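Handing you this structure, nothing more for now.
A, B, C and D are the chain letters, set down in written order, and residue numbers restart from 1 in every chain.
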Amino acid sequence: MSERFAEIASRLALTAADLHVRGWLLGTSGNLSAVVGREPLHLAITPSGVDKGELQADQMILIDDRGCVLGDGGAKPSDECPLHIRVVKERGAGAVIHTHSVWSTMLSDLYFEDGGLAIQGYEMLKGLHGVKTHEHREWLPILENSQDMLALADRVADNLRQYPGTHGFLLRRHGLYTWGDELRQAKRHVEILEFLLETLGRTRLISMNSSA
Amino acid sequence: MSERFAEIASRLALTAADLHVRGWLLGTSGNLSAVVGREPLHLAITPSGVDKGELQADQMILIDDRGCVLGDGGAKPSDECPLHIRVVKERGAGAVIHTHSVWSTMLSDLYFEDGGLAIQGYEMLKGLHGVKTHEHREWLPILENSQDMLALADRVADNLRQYPGTHGFLLRRHGLYTWGDELRQAKRHVEILEFLLETLGRTRLISMNSSA
Amino acid sequence: MSERFAEIASRLALTAADLHVRGWLLGTSGNLSAVVGREPLHLAITPSGVDKGELQADQMILIDDRGCVLGDGGAKPSDECPLHIRVVKERGAGAVIHTHSVWSTMLSDLYFEDGGLAIQGYEMLKGLHGVKTHEHREWLPILENSQDMLALADRVADNLRQYPGTHGFLLRRHGLYTWGDELRQAKRHVEILEFLLETLGRTRLISMNSSA
Amino acid sequence: MSERFAEIASRLALTAADLHVRGWLLGTSGNLSAVVGREPLHLAITPSGVDKGELQADQMILIDDRGCVLGDGGAKPSDECPLHIRVVKERGAGAVIHTHSVWSTMLSDLYFEDGGLAIQGYEMLKGLHGVKTHEHREWLPILENSQDMLALADRVADNLRQYPGTHGFLLRRHGLYTWGDELRQAKRHVEILEFLLETLGRTRLISMNSSA
């Protein structure tokens, strides 16, 4: 297990650095996790309050399914670890990534009253696990933000059950959660959803000018 | 030939990484190919479903002119290889690159009803092979997207014959195809067409505000 | 102290390069400083007129609390060192960063008549030191720009006393100042405030189109 | 002189790569030059049609004041070398950089009827050589584009004499020319003018929405 944790921790650090460069994890925001073992459930997760551009593998934290830190070391896991744990349990995910981009922040507010936003007709959707055609309609739910992480985790779990086919969700004025069977797939989903959110946002902006 | 394949595979990987950094191949989208031999036609092509920021030369796949994989190795070539093969045959191209950018995705939808978009009067056009003046008018056709790659490849071939002077085309809400005598020229065409699409998109946006 | 200066100088150079890549310190603009000692107050500060993408640790300058250069070496500290010194004194900051981004430049002008701009309801705010909830309202004051650095420093000091809870301020059509207990925190504040300014700017742009 | 050429060539390559990353020299567009000797005038200049992200020092070309290539080697200097030579002669510049950015391309068209655009009131202007205050008014002339480089060079020379205080000019739907005493200053001017053009372009876009 220790070797597996080391390998996962190393990939978490590389993925975090990559997403930080794109401006999706600025200011120590966002967090990443990956499953190290299923029974009992053990997760490697990024620590709280660390610059994702500087994060090293040996800073990753091992937690159990209640979010308790396993092993020594004084570092604190991300405050949002209850959300990661619920996503892993509800979806059987092997990795969860939470990013803060400008476009996800904006659209999570603009479409909040609708309860989410629908993305349909884009080839890029095919990069989402299990999607076979651009005609797929992806529903991206938007949940109100909260500082009560346990209550928020319950709402997230309810939402995941209500929409069993979703690949991610937005927290209002906060950011994007997505996941995958393993870290590589979760990163792919981040890139796809962030791309589509930027595309939707810019399209909304340009559509008023379409008669020009 | 094996040495030539290795060299081409290495350049494909470097080019893919470069275009991934710019956000034009996110989420394992897009694909690149280059001709390894003409008679019989052999192409090196990127594998399906791989992160273009991590792609290594030894992952490239050698295919024939029917898209069949040559040699061993279980990897699957890009689903879109029929389109690459048709572009190579119709244009005598030595390399083909297909990117997914936010701007090409948007403009392929905004101008779909017109059947394409005309780009004229920009110095940047001179970077397209054979273009000698900014007064050149480049017609960039837009084709409806499809998951039937063979049917789509036929429509692409028809379009290439209908417009023999084009340097690329768009698939609706999908992305850009362009090509060149060799990979370096194809990459140059990607940069030029993506630049011009962004310029056209932003100009459309700002033109409404021109009285300000 | 000399070893401490060397370590701080090295971190200043790395931070400057990182922010330059993001386009927030273009054209030799902006400056960074960090406290080397408190009694007497000694600051390491970036030199005037140097490309932040090329800046080396051994180019950093040690100044006292009047902005006088300590030690030999002919280089000139940033013209804006009086502002850095006042921020350090008024806030007890350990590091100060001043960036020039497109969005901070624009918003510092658009909201100038209001005396500042309020940022509220974003999760990203929690990355500002001491902020515990997205419901926090951050007031970012905007001061008129000036070339009289001593007079400007006095106005800055007055403003810092008038708004004791602020984490930064804007100079009109000039850029952002922020700070932290140490350099890492100051850099975190730069990323957060620049992210939020871009978000506010783009939201303002898109809000007119919200009926589309 | 040979050693000086080598040093300058090396710096030209590094500067080109840096500006290519920012998207200001895409598709082999743009060109850079620096003075190697004054009497007789010898310039090191980037070759025609080369990817600026891959350009190596040993690809730089030495030309005289008529644009003739000195020494052997079959490479062709940039077609725009007459413009570089005229800027060097009229301004006594030590280096000239010509970039193609999206914003300079757009604004060179939007403001063409006005003969140029005025930039005033931005702190960033102080990075232009000799400018001491943000109150400075920089006039950036816009000239109609042409493929007749000698005629265009004459018009450029006339314009430089008509506006002796300018730090750059735009060619319509083409790009930016700027220069400096040496390459570092010219690069600084690129960053400053590109920053200001983006700021002006985005401000124009947002100003319509200022009542929101």
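As a convention for this text, contacts are C-beta pairs under 8 Å (C-beta built on N, C-alpha and C of every residue); 3 or more make two chains touch, one makes a residue touch a chain.
What you see is a predicted model; the values in this text were computed from it and never measured.
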*Chains in contact with subunit B and with subunit D: which ones?*
none
_Farthest chain from subunit A, going by mean C-alpha coordinates, please._
D
*asked:* Looking only at residue numbers at the subunit A/subunit C interface, is the share used by both copies over half or under half? Answer same or different.
replied: different
*asked:* subunit A and subunit B share one sequence, so how far apart are they rotationally when you fit their Cα atoms? Give it in degrees, rounded to a multiple of 5.
replied: 90
*Round to the nearest whole Å and give the separation of the Cα centres of subunit A and subunit C.*
30
*Which whole number of Å gives the spacing of the CA centres of subunit B and subunit C?*
43
*Which subunit A residues touch at least two other chains?*
205, 208
*Interchain pairs in contact, sorted by label*: A-B, A-C, B-D, C-D
_Touching residues on subunit A, where the partner in the complex is subunit B_ = 18, 22, 121-124, 127, 132-134, 184, 187-189, 191-192, 194-195, 198-199, 202-203, 205-206, 208-210, 212
*Mind listing the subunit D positions that touch subunit B in their complex?*
23, 26-29, 51, 53, 100, 102, 105-106, 109-110, 145, 147, 171, 173-175, 201, 204-205, 207-208
